[in-house]
Amino acid sequence: MIMKKIEAIIRVSQFEEVTEALHDIGIDFFTYWDVTGVGNEKSGAIYRATVYETRLIPRRVISFVCRDKFVDASIEAICKAAKTGEMGDGKIFVSTVDESVRIRTGERGPESLYIKE
Amino acid sequence: MIMKKIEAIIRVSQFEEVTEALHDIGIDFFTYWDVTGVGNEKSGAIYRATVYETRLIPRRVISFVCRDKFVDASIEAICKAAKTGEMGDGKIFVSTVDESVRIRTGERGPESLYIKE
Amino acid sequence: MIMKKIEAIIRVSQFEEVTEALHDIGIDFFTYWDVTGVGNEKSGAIYRATVYETRLIPRRVISFVCRDKFVDASIEAICKAAKTGEMGDGKIFVSTVDESVRIRTGERGPESLYIKE
Amino acid sequence: MDTTLLTTGLNTLWVLLAAILVFFMQTGFALVEAGFTRSKNTTNILFKNVMDFCLGTITFWLLGYGIMFGEGNAFIGNIEWLATTDHGTALGIPNMAFFFFQLVFAATAATIVSGAMAERTKFKSYLMYSAIISMIIYPISGHWIWGGGWLGDMGMHDFAGSTVVHSVGGWLALVGAWVLGPRIGKYRNGKPNAIPGHSLTLGALGVFILWLGWFGFNPGSTLGLGDVDLVAHIFVTTNLAAAAGGIATLAVTWLRYGKPGLSMTLNGVLAGLVAITAGCDTVTPIGALIIGLLAGILVVFSVEFLDRKLKIDDPVGAVSVHGVNGAFGTIMVGLLANGNGVTGLFYGGGSELLVAQLTGVVAVAAWAIGCGLILFFALKYTMGLRVSKKEEENGLDYYEHGEKAYNS
Amino acid sequence: MDTTLLTTGLNTLWVLLAAILVFFMQTGFALVEAGFTRSKNTTNILFKNVMDFCLGTITFWLLGYGIMFGEGNAFIGNIEWLATTDHGTALGIPNMAFFFFQLVFAATAATIVSGAMAERTKFKSYLMYSAIISMIIYPISGHWIWGGGWLGDMGMHDFAGSTVVHSVGGWLALVGAWVLGPRIGKYRNGKPNAIPGHSLTLGALGVFILWLGWFGFNPGSTLGLGDVDLVAHIFVTTNLAAAAGGIATLAVTWLRYGKPGLSMTLNGVLAGLVAITAGCDTVTPIGALIIGLLAGILVVFSVEFLDRKLKIDDPVGAVSVHGVNGAFGTIMVGLLANGNGVTGLFYGGGSELLVAQLTGVVAVAAWAIGCGLILFFALKYTMGLRVSKKEEENGLDYYEHGEKAYNS
Amino acid sequence: MDTTLLTTGLNTLWVLLAAILVFFMQTGFALVEAGFTRSKNTTNILFKNVMDFCLGTITFWLLGYGIMFGEGNAFIGNIEWLATTDHGTALGIPNMAFFFFQLVFAATAATIVSGAMAERTKFKSYLMYSAIISMIIYPISGHWIWGGGWLGDMGMHDFAGSTVVHSVGGWLALVGAWVLGPRIGKYRNGKPNAIPGHSLTLGALGVFILWLGWFGFNPGSTLGLGDVDLVAHIFVTTNLAAAAGGIATLAVTWLRYGKPGLSMTLNGVLAGLVAITAGCDTVTPIGALIIGLLAGILVVFSVEFLDRKLKIDDPVGAVSVHGVNGAFGTIMVGLLANGNGVTGLFYGGGSELLVAQLTGVVAVAAWAIGCGLILFFALKYTMGLRVSKKEEENGLDYYEHGEKAYNS
């Protein structure tokens, strides 16, 4: 079974909704961190006497590895939950992962991604 | 020679040990950053009068690119050093890298990964 | 058309120059975050009475996905802008992306990477 | 200088120094409120705290001082523009010294409200209501107790302002937080979520500064050093209640939640301080200890009650600390007073004092809640009270000010 | 104690407490400067603020005090080693009390400069010029006004040091920032960029602490409590000007930039405080309000002018706050003075005072700018004034100190 | 008021204000300790600092005050519950004023210990030993010197507590840190590692606040303003020693480590302040300068010695700053005293004073170390002193409190 890595760059404000949407389709494991995105969206800013436009917008990356069959559902779920319709909603990138290891058990491959206990 | 990217999501508290374990097998270059992991592990938290369980646990990502032949040793080393045996020890993901460039010299491919002076 | 992900680990101090260099070749979208790099570069540090050398150097990761044909130009641009010639200038890694989605529109594939309004 | 000049000099020095300490409480409030809220709203909350002192200065000077201390009648003072009518000399200090001392108290009442309404209130509306509180609402109820009004005449004893300052602020905060509604994400399926503040360091620093300021707030209310024993006594009771409040909350959180919690304990210290404020001059050190302990317990249950039952979202605990404990401390005077001319029920003073205290607590609560309802609904239906969902989610700093508090 | 001892005791207490408050302003400056600059230079800017007080203490004690207050002539005092000649008793307080009070003022002047030159000045050169400012430059112009020199004789009135302290610091800052040149990245294609400071929380905390300290700075300059009305009056004027400064800047930024800006408003509060310093004893409360409002407006345009026209990079606004508003406030005394023995033009006092004020402003500006040019160019061509491009880009903390301010 | 009342008023005011300043030192300690440790333990260290003042307040009131100042015998005072026996009137101030002043000193001694034992001590055990220090250990040795005990009788001179307060805290800290053992990761292959604190900004802010507080600590120990020259003198000596300490450490770190280091220099300022505390009233300004310079040098080598040779892990330098420099400063009085009724060896006062000083230093060190050994071993073998490896690695905030200090 092939494993895929999904990286979604989203608005920080949509994070809760995306988490729930992923939960609903069975994705309960992921890793996230905060980044700065440079894209189409601009925002007006002021600092002391300087008014300026910045294209540096705070974003959050949600990253997880899942089995192939989850990819489409994940994309759909993220798209729905992360969309506001305004410029700057973000991107999803999918790539292939060769191997996965669960450190605690040493399990390898897709197996290491299942929920067990 | 094929190059692989290894990304290990570990407990922050195991970082020193993982660093040493990698050093022992000849991996001296890597990049890391702090992330939040959502997984099986839960932790009890309190804030003012609210007691709650959070699945958001601080983690560290260690990321490095190495030649194919280092992959197994790396996985083994990380597994040993990062393991505590309790839920939440983290994951290792391996994927393929097409190209690598050392900015300073412009060297490409696996060569750019060697230790040189 | 194939999509590639380029991840460049650079000095924070070269960030502005790299941004401009990328802009010049038409790359206007990317995501970045701050990381710590462990590599050849060392720096002297002092804390209270302890003088020590640290190999933990602040770095910035610039990450973007682009169409295949941009890869070489990007590498060249980054190399030029990020280079200081001293140890520790960083690395560029290129890998393959299977799918890309623009959350706002649901567009998929290379199309989702174009500048559109 | 002769003894008359020296006496005035000494008393004035004390009042002004106490006022400086109370002024510094503005800083404490700013830090506590910033620390207990998220970093995306930090510029906003700091800004509000800076501006409410600026606005309070102007409005209390313009009208508030006269409304509070002007002779007037039992319910309201006079319109005396620019604080020029002398209310200080009769107390043995210059009018401007008394005015400045009262000004920093007025600003304290106003600043309490911003914490409870943090992270979702429009900046413009904030400026509006903050000005009105310092100019009208606070001075009127203040007049009742300290300005020669009906509650003071009834014998109500609120030495340094548990009710006059803290309760008024607390009840206004209650109404404000209720009219606004909870922050997005505070309740999910009716259950309260934790929204941790961005820095307990700021919170703790703020509480230390407030504690410091209270050594001006309470003993400074003697307005002089004629009775040094009294002043020293107040230092001790104030400090004991604060310490007892902290210890009690520590114990309660430890027993109740399994772990000792700093965020709540910081509230406990403040609860002790608020509760002792009314009776710091008259209760014994043991009385202060009791008041502090009870306040430290009360604050936990009050926070829980607001959070879980009333579902009113008060990010910093302003209602429980200032409203509830201000009322509690005022009532305790009716029971535990034993000195400085007042005697409570437990020391054989009869129930008269207790009745006066209860009347005062209820009257001021009614006044503040009534005014709050009118004020906040009026704002809600005119300029609007709450920012849009988008602004709230992305942070007020970003949309309202275009300025983030933290950068690299 | 008898009344003589009591009088000395009371006055000394007041002066020493005021000095403590002014000392605490060092902390305020340190925080404002740290908050308004980037985190890669935080260790450096904090370090500079710690060291300038250390060095100022030693150098002002060694020589500065004598140069400022020694009888000397109209232009300079005397070489009096180790502050041993008594200048206090004549004022009714111990020499050491007066010395300590003056020392904290001297240190304030020196510390102003570090903000404008932040993020690019060599540490070694900083220590050098900071010592020279406290030892020589500040005391000489200070002598002119407060030490029995020619400007004081002319009738110039600078009660607490708008010119003596703030302008001197501000003009030196101007020259320093100009000689250094702007930070890398401040100008691109001739247009100014925003380089946001790393923490508005630190900025706001610093401003609150400075505001607090000003209640020592201004009223403490009475050097005693003989006239309590005057002392209380100064509290009120000082506070009103600060509040008005904040409100004016809020309004200007809101109208001009579309959003209310905290970073600028913090400067506005300080501008009001600096501007009222010269005349806090003599202007009326309404005069203070006017001075504060104008200062709050002036500071915005001054910052813009420096930033956009002169292209001088002053990261914290030291030149506009201390230099420009120090001068402005001093001049306003010539117009609005109305009490404490001086009367300005608008109150029928004639133009003499105004002329003296203008003379003082110009003379001190010339002195500070002249000294600054010599000092900073001398440093530039000897030990060097600016760090290398690499050090600046990677942060001064890293290269100059090997110590980052923030770690995990 | 008549002159008697005025005298009491003035002296009481001074003592209470000084006490407020010393109270604020709690904040300084909290910030220094938080800044010099890692962010995963920030809630914990702040919490400890809040609680030790709460507990100190209660325990010193309960028993400590009587044990320290009760007549008793040469070694211990009396059991006097609730600080009700009057020890103030004889000094010309109310008992409660003297009590409050002494309370804030006691709390200082206790709080010193938390820094050295930071990042690995169990919260429960901390509360325990902190209470015992304020209630018993500190008051007993305090009695020897300030309470009419044998060291005072011998002529030992410790004006404001280099030994009474700082050394006691420092030696207890030494034992505590030694019994606990170093933090995980502090030593690797026997060589000390740097574990940088999470915020030098907090560290610097804390040091500024401590410096401020010292203007209450030292001159406040006059307990009155009868001798204003003495009070002013103490301001100057205190400040000179602090500045000299900072400069000396700056120089040493620069020469020794190649770069000027802020973290160490902050310790240097504190070292100067601790060292001058014993003799601030009697040494000349030049004496203060010398003491400060030597303290600033001594602290560096002391930190190195502990770190490298003794391998005792003291994250904030409490032992070197308070223990070593407290002892050093006390001894220097034997050499450099020259006023306020005491004369040291160098000024022809003979060796008697020096002997008394040395005796005091040794006796108090023995007492503190002895008590520390009993206390910390007792705790270690009963409730346990150190958290588990897992808790330490993940941070005490997480496991002990369930509350992180910093959130987004």
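By written order: A, B, C, D, E and F. Residues from 1 in each chain.
Everything below uses one rule, namely that a residue touches a chain if its C-beta (ideal position, glycine included) is under 8 Å from a C-beta of that chain, and two chains touch if they have at least 3 such contacts.
Keep in mind it's a predicted model, so treat the numbers as computed, not measured.
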{"item": "Any chain in contact with chain B as well as chain D", "value": "A, F"}
{"item": "Minimum number of chain-to-chain touching steps separating chain B from chain E", "value": "2"}
{"item": "Same or different residue numbers at the chain A/chain B copy interface, by half rule", "value": "different"}
{"item": "Euclidean distance of C-alpha centroids - chain C vs chain E, Å", "value": "44"}
{"item": "Centroid spacing, where centroids are CA-atom means, of chain C and chain D in whole angstrom", "value": "51"}
{"item": "Gap in Å, rounded to a whole number, between the CA centres of chain E and chain D", "value": "34"}
{"item": "Per-residue multi-chain contacts in chain F, two or more chains", "value": "3, 6, 10, 13, 17, 196-197, 257-259, 261, 263, 401-403, 408"}
{"item": "Set of chain B residues in contact with two or more other chains", "value": "33-34, 44-47, 51, 84, 95-96"}
{"item": "Set of all touching chain pairs, with the criterion as stated earlier", "value": "A-B, A-C, A-D, A-E, B-C, B-D, B-F, C-E, C-F, D-E, D-F, E-F"}
{"item": "Touch list for chain D against partner chain E, complex", "value": "1-3, 5-6, 8-10, 12-13, 16-17, 19-20, 23-24, 26-27, 30-31, 34, 42-43, 46-47, 49-51, 53-55, 57-58, 61, 82-83, 88, 93-97, 99-100, 103, 123, 202, 400-408"}
{"item": "Chain B residues within the chain F interface of the complex", "value": "11-13, 16, 43-47, 51, 84"}
{"item": "Touching residues on chain C, where the partner in the complex is chain A", "value": "5, 19, 28-33, 65, 95-104, 106, 112, 115"}
{"item": "In the complex, chain E residues that touch chain A", "value": "192-197, 253, 257-259, 261, 263-264, 267, 300, 303-304, 307-308, 317"}
{"item": "Of chain B, residues touching chain A in the complex", "value": "4, 8-10, 33-40, 59, 61, 71, 75, 78-79, 82-96"}
